[in-house]
Every structure is written in C-alpha cells, then in structure tokens.
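Structures incoming, each one as structure tokens.
Across the two complexes that follow, chain A remains constant while its partner is chain B and subsequently chain C.
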Partner chain A sequence: MATSTTAPDADRREPRAGSPAREAPRRPRGPRRSLLPYLLLAPAIVLELAIHVIPMVVGVWMSLLELTQFHIRDWSTAPFVGLENYRATLDLNSAAGKELLHSFWVTLVYSVLSVGFAWLLGISAAVVLQRPFRGRAILRALFLTPYALPVYTAVITWSFLLQRDTGLVNHVLVDQLGLLNDRPFWLIGDNSFWSLLVVSVWRNWPFAFLCLMAGLQNVPGELYEAAAIDGAGFWRRLRSVTLPMLRPVNLVLLLVLFLWTFNDFNTPYVLFGGSAPEQADLISIHIYRSSFKTWDFGSGSAMSVALLLFLLVVSAAYLLITNRRRDDHA
Partner chain B sequence: MRETAGERWGRRIVLTLLTLFVVIPLYVMVTSAAKPLQDVQNGFTWWPSRPTLQPFVDMWSTVPLARYLVNSLVVSSVAAVCSVAVAIFAAFAVSRYRFRGRGVFSVTVLSTQMFPGILFLLPLFLIYVNLGNATGIELYASRTGLVITYLTFSLPFSIWMLVGYFDSIPRGLDEAAQVDGAGPLRILFRVILPAAVPGVVAVTVYAFMTAWGEVLFASVMTDEGSRTLAVGLQGYSTQFNVYWNQIMAASLVVSIPVVAGFLALQRYFVAGLTAGAVK
Partner chain C sequence: MSRRHLGIFTAAVLAAASLTACGGSGDDSAASPKTLTYWASNQGASLEADKTILQPELDKFEKQTGIKVTVEVVPWSDLLNRLLAAAASGKGPDVVNIGNTWSASLQATGALVEFDDATLQAVGGKDRIVPAALAAAGAPGKPPAAVPLYSMAYSLYYNKKSFADAGITAPPTTWEQLAEYGKKLSTGGKWGLAIEGANPSENAHHAFTFSQQYGGEWFDSAGKPTFDTPQNVSAIKRYIDFMAADKITNPSNAEYAQNQSVSDFANGKAAMLLWQSAGSNLKTQNMPADAYGVAPVPFLASPPAGGKKVNSMVAGINMAVFKHTKNRDGALSFVKFMTSDEEQTILNKTYGSLPAVKTAGADPAFSAVEQKTIQDTLVTTAAPLPQVPDESTFETLVGTAMKELFADAASGKPVTEASVKAKLTDAQQKMR
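And then the complex of A and B:
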C-alpha cells in the first residue's frame, strides 16, 4: 500500500464499521466529474512543483556543475563536471571531507540526544497531566509556550542566558552557587555543543508533549481501571498500557523529530550568529557556510543531495523495521 | 482509581522541574525587557535595578524595527491566507474523491516537509536570481518571493490537518445537500467549511506561525528593504553595544501575538493531530 511509507497507521483508520464518515468516498461518474479532483488540486500541485520538486531536480543538476561565483549570475555558462563535486566534497582524505564527516557525527549525536530528551520530557509531562487537577490547563499552556514562540526569539533569549559575563547561567553557577570558579564560555568551545542541545530540547519537547497528549486522549480509561484492579502499579501501567497504546504516535513522532533536528538550521544559526563553533557545526550550517563563504554552489548542492540520500535511507530503513515488528506483533 | 502518595509526589516533582525549565528563560525575557541598559551590560540581575519601559520606546530607533515588523506582517498574513485557501481545495479533493494519483500526491506532499531546507535553498536562490535577470520578475529580495516560498512550506501540514478535519465531517451531510441539487463547490462552502471552522482557523494560525518564525530563507532571500523580523532582530547585537534589554523587549512584542494565538487554539491543534494520521 502506497500510503504506508509515510503514515504507517493510515491503513488502521480506514475501516471502521457503522460510522458514516468512514464510508469509501464516492466514485466520480462521467468525464466532467473525474476532472474535478485534479482541478481542485491544481494550485497545490503547481506550488509544490515550483518550490519543492523543480528546485530539487535543479539541485541535483547543480551538483553536477562547476557552479562557482563566476557562473552564479548566469548559470548556463557553468561547465558540466559530472561527479567531480561529489568526489571532492566526500573525499574523506581531504580537509573538506574530514570537516564534513566531523559535522555529520556532531549532527548525528545532537539529533539522537535531542530527540531522546525531548521525548522523555514530553512523555513525563503528558503522563503527569493525564488526570485532571486544578491548574492543569495553565500548566499545559505554559508547557506549550516554548514551541509557540518564534524560534529566533526563543534562541536569542537563550543566548542572553548563556552570555559569559552578563548571562543568568554563569550568575547562578558561579556567583550564587559557587559551583565553578572561572566563568566558562557557553557559546564557544566544547560547551557550545551542550548549550545547543539544551536550547534545542527546550524548544522541541513541547511538540512531543502535544503529540503524546493527543495520543493519550485515545487511551480508554477502563484499561487503567482494569490494570489497577489487577494490582498493576504506576510503572507497570506505564509499561503495559500507556506505552503500547502510544506506539503508533511514537513511531511517527520519533521519525519526524529526528528529521527536524537533523536538518536543524535555525537554532545554531541564531545561537551562534552564523559562525557556529566547530564543536556545534551542524550539517545544515556547514553546507550553508561553505556555500555562501566560497560561493561554490556546485559543492554545496552535492553535499545537500548526499544529505538527502542519507535521510531517505534512514527513513526507509526505520519504516521497514517498524512495520515488520508491527506485523510480528499482529 | 486512587492516586498513591508516591505518585502524587512524583507528579509534583516532575511538574516543578519542568515548570522551572520552561519558565526561567521566559522570566528573563520579560524582566530584562524592563531593565535599564546598565543592568544588562554588567552582571546578571534577577530584578531590574529600576524598572523602566524605556527599552520598548528605544527599540524602534536602534534598528528599523517597524519596517521589519510590517514586512513580517505582510509576508506572513498573505502567505497564511493563500496557503489555507490552496489547502482547502486540495484537502476537499483528497477527503471526498477517489482518483488516480491520490496516494502519490499525499505521500509526495508530506515527504517534502521532511526534506532539509538547505536542499531547496541553493536552487531556489539561483532560480530566483536567474529568473529576475531573464524576465525582470523580482522574486529574489522581494516580499513576493518570500510569500510564495513560505506558503508552500506550510502547505503539506495544512492539507494533512484539513483532510483529517474534513474526514470527520459525516458524508451524510454532503449527500443530503447533493439531493437538494448542490454542486461540489456549494457542498464545500456551504456544508463542509462551516463545520470545519475551528480546523481552518487552527491551520491559518499554524501557517502564519511558520512564516513568522522562518529564519533560513529570510537570511538569504531578503535585502535591507524586505528584511523580516527573523533576521532584523539580530541587528541589535551586531552594533558596538549589545542592547539586550531592547532585544528582549522586541522579542516579547513579536512573540506575544503568535503565542496568544497558538495557546488560544491549542485545543484544535490537538484535535487536528488526533484527526490526522498521528492517531
């Protein structure tokens, strides 16, 4: 089934007997009718083609050209060089190749940690806010606020907190608690990676919270009642009721979060002002900087295409593995 | 089902830690916006030495904030309205018709959402520049170019959420209207849309927020005249002085509308996520 590649659960929600909304859509009759869906889709298709599909094809083509600063104003003059850009940028013995590989590892570790913590905070909040109590609505709104903020205001605020001399973090750690003697730099050097991670978790965990909260609303209360009667404690209920019921949500959520953080440009760009330290040199920033510093768009496109291929392989493998495991359980 | 004492304390601890984590940066944003300049140039203080609203006045002249604000407002509003209009028709087709290519369309549109933005940036930059040179249509460094780009960014998710909403509206209503002689567009505008108003509003806010917060394309595709807030706010810190109090004041002003909109409609986002494929 074609839809199962992006939405593993699409097939689950199709059949639901007795609900009028879920009947199969009526089949159009006559030639005029059968054109209508395409007419309705036309604007969306044109835009998707213009802004996503065509640029992607152009990007692949660009990666095969020697598209340096001399040819950017008129790309028809750029000479065709085949796979030369790929050879040059992905050559792990060259300086550029080593930097790219380093950036790739930084991004991978960053994504795994960021998604892991975001999910952990999201599930904690969703579970403790599951049952109603006074003030729950306020806390829920508060927890969603970091995600609702425009990303640049959130990250700018964090960069203020992390300033060496005027920031809150050093004020608390050094002046108030006395945990450290020297004022560390948080936005350059080794610490910059951890700063980036904290900011990214702060910003992303509410999205996990929102999705998991939506997922928990579909868990019937009787399941918990039954588990409690059977003597199941908190952890047992979490493991045997909550997590299995959230599995469909988690499958999509983890993949989406991973792809978003792996492609993250905004957080490091705003936090470090466009010149990310090497310890926090995420792949999007790396490609951006090397493209606009040298104006070598050919190499930049080659790196982007390689990045896309990597993400496609990872996503496909993830969907294959999770689908197979689901079939085993079924 | 009773809550045990352990669970109650566990809940309180988790909620306290999460609240602190979320609130501290927000607290700093709000209080620092009310600080005089010397408070943010020396060591950090938890409370302004002399609370003042001066940063909210000065922020307009340090950088051309009003121009950035107008640019962001125009670009985001136009992109949001166009995106939702396009998404409504597409979602209607996907929800109510079976046609060849329906699955391919849904999958392709959704997967573009997952691709790295940097992949589109270089080709689009080149296309906009070369198109401008060849035909005189100014898309590079213009608000039109940004609008077209941003409206496409929010389109996949908007279509997805609206399909979920439209699917939840009973088909019996369509059929009743059809018996009365209503055509497809009449069904869409008179039957489906009125029932899906919350969804449409939520999707509009989402599209607005997407455009309002976009940084990558704004940093490349704008010049001084078309600059949006996403890039403009960085102007405060490239000066000789870093006006942190004004930055916080400006951040607060540009955040409040979208945060308020999102929080007011959060119920519908949850409903949309539930109605969509995440379920």
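And then the complex of A and C:
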C-alpha cells in the first residue's frame, strides 16, 4: 500500500540558480512535461465524473423534487418540494421513517458483523498460510474461489441451498444429521438475517484474506526471529509483530469492506428477490423498493443522500480517529 | 488529515456515493423505418420457448411489410423496471407488452402512444376488441394507452385423481367448501391448495378478488387508497388463513415466487391451484390435460352486504407503443398484425389464453374446457383492477404485505385481524 512520490522531488531539485546544468543539453521541462500527468489522469477523471460525481449531483437534485411516474419522463415538470422528501422519509413517527430506521439498524448490525467475521477469517487464514508447506498454493486458490465466482451465480446457488423443502442445508441438517425436527425457513422470518450474513461473509472474507496475505509479505522475517529469540509465543508474535505491521492494510481494508457491505445490493437482491423480509431489509434494497417499486424517485434519492452523508461522517470520523492514533504512536 | 488519508477518504466518498448513483439503460429505438424493437412478456414455459413461438410470426410480418422486428423476451421480474427506464429515458423499444393492470400507471408517465379512435382505426378498429379487455387498457375517460393482446382470467385447477381418491365428486364452488376439501386432501405429505406466497403481484390479484367478494375497494372514487378498511382486512385474512388457520397450504409456499406452486400442482404435491391460463405451463411440466379439471374460482357461501359476485380480475397482456419511436407507422402496423384474427388465433392457441378480439374466437381450441371457463368468467364475473395511476404501487405494497403475512403464518406466528390491519395501514401510509 506504500506509495512513492519521486517525481516532485526530481522537479524540486532542478531549478537551482546559476547551475551550469542549465546549459546542458537536457530535454526542456516546459508545459508539455507538466501537462503529462493531467493528460494521463484525464480519462480517469472524466469517467469518475461521469460514473460517480454527476449521478451523485443528479441524485441530490432528484431528492428535492416530487419525482413520480407523472414526471419521470420530463423532470422539468416535477414540482420542486425542497426538503419535503427528507422530512417525509426521515420522519420517525411515520411508517416510512420507522421502516427506514429499522432498515438502517439492520444494515449497521449486518455490516459490522459481516466485516468482523470476514476479517477474522481472513487474518486467521492468512497467518496460517504465511509459512510455506505442502499444499499451501492449493489452499490459497481454494480460499479465493468465492471471490472469483460471479456474484449472481454464487448467490443464486445459495438461494437454492437455503430453500426450505428442497434445499441442501435442510436436507443435511434435518434428514441426514437429524439435528432438527422441523424444517426451518432460511429465506423468510428471523433466520433470513443470518442466512444473508453467512452468504455475505462467505463472499467477502477472501478479499480480506487476499489483502492481509499481501500485507504479510511485507513483514520482515527477522522481526519474527527476534521475537522468537526473546521468547515470544504465537499469540505474542501475532499481537506485537503481525498486527502492528498490518495496521496500514487494516486501516484501508476495514473501511472499504464496511462501505461495500453497507452498500451491498447484489447479495440481498439475488438471495431474496426484489423484496427482502423485514428482518433482512438492508438499506440498499429498501431504497431500491422505494424508488423503483413504488415509483417515488424523489424519496428514494432523499434516502440515498441521507445515507451518503452518514457514510461520509463515518468515514471521516474513522480516518480522523485512526490518524490521530497513528500520530500519537509516532 | 494527511495527504494519504485524504486519498483514502476521497476513495471512500466515491465508494459510498455508488448508492446515490442509479440509473437505467435501454436499447435505442429502431431508427430505420424498416426495423422495430419489440419487448415481449414471458407467456410460455421459458424465455427461449417464447422466442421460438414468436419468431415465425415476426418473419411473416417481415415478409408482408419488409419491416424486421427484433424481439427480446423480458422476464416478468424485470419488465416493469425496464419499461419505467425506457419511459424515463425516452430510449428503448418501439413496441412492448405490458401487464394490463399496469396500463393506467404507465399511461400516467405520458410515454405511451394514446389509442384514440383514429389510432384504434389504424390498428383494426375499436369494435373488434372485446370491451372488458379494452376497459383494462387505460384510465377511465381517457383514450386507452394500449391494445389488448391476450385475455386471461383466474380459474380453479384441481387434480382429478386426488379428488377421486378423497371421495370428492365435484370441484368446490365456495371458499368454505374449498377449505373443507382442502383438509381432506392435505394428507400424506400432499396439500390441498398451492399458493405463490412470495410473489407480490400474484398476492395482489387475489387481494382484489377477495376484497370484491367482501364488498371492499382498494381505491375510492377519487383514486385515494383505502387499504385498511374492515372489508379488505377480512378479505386478506381469508386468503392468508388457507395457510394460517385451515392449514391446507404447505408453509413452504411462503417462499414461492418463481411459479413453484404450478410445479407443485403439476407434480401432484398440491391438489388445487388458482391460476391464469395454467394449461400450457402444465403441459410443459408433463401433466396431461385429462389429469386436471378446470372450474370457476369459488365465491363466499354467504357474502356480506355489499359483496360483489366477482371471482377474477380481467387479466391479460396489452400491447403498447412508445411515443419515442422513430417508426410510429411501422409500430402501429405491427400492432395491427399482432391483433389480426390470424395471429390472435395462432398465439392465443399456443399460450392457452383467449383472443382479445371478438372476431377470432371461432377456432375449436377456444372451446376446450379451460378456455370455456376463462371465457365464461371474463364475460360474467370478472372485473378490471382499479385503473388508477397508483395501481402498480398497490400491487407492490399490498402484495408485499401479504408476503410478510404468509411468512408469519409459515413460521407459526398468529395472523389476526389486528396484524392484518396493521400491515395494510403501513402499506397505505407509504402511498403518497
């Protein structure tokens, strides 16, 4: 994750006054040279604008309109309602507001648990696979499989596995092992939350594994040797060498995993179809339902914008706190 | 915040922002006067089967007019979203199939060509069309936003052998009988009635019929929702109770949203099914036509005051033309072709539905028991779903509320008048 910034240093060295180097037959470093980075960045900036920034701004604008099926064809006819959509969707006394809050909590718990378990599995596997042994490459490849599978295929397979009457999960639990008498539902009711969590962790942990495995490659072996000479056991080495050395990786990994999980749409959408059970009503599905199923794009956008603000605050707070801690340590 | 953190933060902002950025895309409407793009709904056993059925007809149209039609069969789960995206963007197909209950909702977008008398004349004339089907093609008092293509109605399908084994000689005519027979039929791992409990549209269709029988309405005359009236509460409770109280429906049906109930009926796992034109679907699942009987959907034994004698919605598929088409004449001539006597006979015969034009009913295929039952229902006891702009929202909200009630029933939670009313009140509050 380390980045180097050699180019500016080189520039800084150059304009030394009275330096004979000026006469030297160096290639001129005029405007053409300084334009190059911008030229190289331009495609990314244009795409970023087109894919993220402009839709985001449009989303904010939509949230200020009463954008229903009457106006969807020509937005200019949609009445400007100011913050009315926000008032209606965030009013916790209304049914819509209560459901949004419920959905928010479900998503928060889901994200924290999913990221937590994914990280735990990832770090365990990465540490176990850190030292070479026979079959390590095969295990690594195997662990990465969920990440390599297309999300739709994988989650549709899960939805088959979790069916009550014909699913493999109940077949194993009830028919083969006899652990349960009744066939439980996994896709509706209280269990649906746990089903969603399991599928999400299954999908996300290989990413954590991959990042942490890469991070571990940068930990010098001498540190472990020194720690071992000092008599540090496995846990002590993990706590005092591995985890501190992985800190920069974890900083980014946890944030990105959290944002991805919080915004995850594909997993619940494919697992439950368009309308998730209320126990697993993630915010992305909730917003989708408000926008596309009830044709109220203004409210849907208002929810999205409110959520965006929330995630910005969380991200900023997270980075400030982790940053301060790093400075304290320094 | 260091520069590196600023970088991470920017990336995080963009990751978070992906929530607000949503949108739809569509193919461009055909630009050449010699081509058309057509989105067909899924009427047959699969999307591929539909393509195979439609392609020879489209080739015929090309031969007649020189216009090449590119067809895409869109699954029901995506169709409304795709139509909405096309309406919003002004890009997409020229001609589309729409569920007839969405007619008024889609009409409100203003994206569909209105079939005033002159336009109707251009596609064959208003008088040819079955009036009940035309009534379900747009808001009352406005020119229709679409033309009826396939007509359907709900019927009760029952397994003859299961009935005979249980000593039942005739299909039920009342819900009370249906519950009683269902109990006799629910033995040995088999169930009385199969229900598509997790499919909001299917649920909403039954919500309409039961509500009519209990004297309820989902919208008042001004188009405002009236979801949680006592009549509607009784209606929904009656339907959910097949699983919750009568226990004649397998709790697993609370998960069903992909026509598994039709499969259960075809495989003999359930003895009764309420469905629209199930015949062609049952055939592809290897259930011979003589293995099942078709009867009208039952009524209440003693209907309450105000209860109506309605046992189905006027179901069907309409054909609409987008205003953004660059080939309006071609599109209209395609609609005319698809609603011609010949095509109506060929296609409706294949799909087991009924022609939407009066002049095409002569083929003997339309006097089979199933088609006869549908025909009688359409003529005598079917009513169109409310043709109001919020209809599709009603289907989603009430249908989803019922899905949740089925989930409660399946997991053993009590379904009471109060819990039904609470769900309906919630659904109503979400209407704006």
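Criterion: the second predicted complex is superposed on the first by the 299 of 330 C-alpha atoms of A that agree within 3 Å, B and C clash if a C-alpha of one lies under 4 Å from a C-alpha of the other, contacts with A are read in each partner's own complex, and residues count from 1 in each chain.
Please note the rule applied: contacts are C-beta pairs under 8 Å (C-beta built on N, C-alpha and C of every residue); 3 or more make two chains touch, one makes a residue touch a chain.
Since the model is a prediction, treat every value here as computed from it, not as a measurement.
Could you tell me if A:86 is touching chain B, chain C, both of them or neither one (first, second, both, neither)?
After superposing on A, A:86 lies clear of both chain B and chain C.
Contacts for A:299 in the overlay, against chain B (first) and chain C (second): which applies, first, second, both or neither?
In the superposition, A:299 contacts chain C only.
Between chain B and chain C, which one contacts more residues of chain A in the superposed model?
In the superposed model, B touches more residues of chain A.
Could you look at A:270 and tell me whether it touches chain B, chain C, both or neither (first, second, both, neither)?
first
Does chain B (first) or chain C (second) touch A:143, or do both, or does neither?
In the superposed model, A:143 contacts chain B only, not chain C.
In the superposed arrangement, which partner chain does A:320 touch: chain B (first), chain C (second), both, or neither?
second
Report for A:34: first if it touches chain B alone, second if chain C alone, otherwise both or neither.
First partner only, chain B.
Using the touch definition from the top, say if A:171 reaches chain B (first), chain C (second), both or neither.
In the superposition, A:171 contacts chain B only.
Please indicate which partner A:311 is in contact with in the superposed arrangement: first for chain B, second for chain C, both, or neither.
Both partners, chain B and chain C.
Please indicate which partner A:70 is in contact with in the superposed arrangement: first for chain B, second for chain C, both, or neither.
So A:70 only meets chain C here.
Intersection of chain A residues contacting chain B with those contacting chain C?
In chain A, positions 3, 48, 51-53, 55-56, 59, 72-74, 163, 165, 252, 256, 259, 263, 273-274, 284, 287-288, 291-292, 301, 304-305, 307-308, 311, 315 sit in both the chain B and chain C interfaces.
For the complex, which residues does chain C have touching chain A?
1-2, 4-5, 8-9, 11-23, 77, 81, 84, 87-88, 90, 105-106, 108-111, 198, 200, 250-252, 254-255, 257, 389, 392-393, 396-397, 400, 403-404, 407, 410-411, 425-426, 429-432
Can you list the residues on chain B that touch chain A in the complex?
1, 3-4, 6-7, 10-11, 14-15, 18-19, 21-26, 28-29, 32, 40-44, 86-87, 89-90, 92-99, 102-112, 114-124, 126-127, 129-130, 133, 148-149, 151-152, 155, 159, 167-172, 184, 209, 212-213, 215-216, 219-220, 229-230, 233-234, 237-238, 244, 247-248, 251-252, 254-255, 258-259, 262-263, 266, 269-271, 273-274, 277-279
Sort out for me which residues of chain A touch chain B in the complex.
1-3, 5-7, 9-10, 13, 20-28, 34, 36-38, 40-41, 43-45, 47-48, 50-56, 58-59, 62, 67, 72-75, 121, 124-125, 128, 131, 139-154, 156-158, 160-161, 163, 165-168, 170-171, 175, 202, 210-211, 213-215, 217-218, 224-225, 228, 234, 248-249, 252-253, 256, 259, 262-263, 265-266, 269-270, 273-274, 283-284, 287-288, 291-292, 297, 300-301, 304-305, 307-308, 311, 315
Which residues of chain A touch chain C in the complex?
Touch list, chain A to chain C: 3, 48, 51-53, 55-56, 59-60, 68-70, 72-74, 88, 94-96, 99, 163-165, 183, 185, 187-190, 251-252, 255-256, 259-260, 263, 273-275, 277-278, 284, 287-289, 291-296, 299, 301, 304-305, 307-308, 311-312, 315-316, 319-320, 323.
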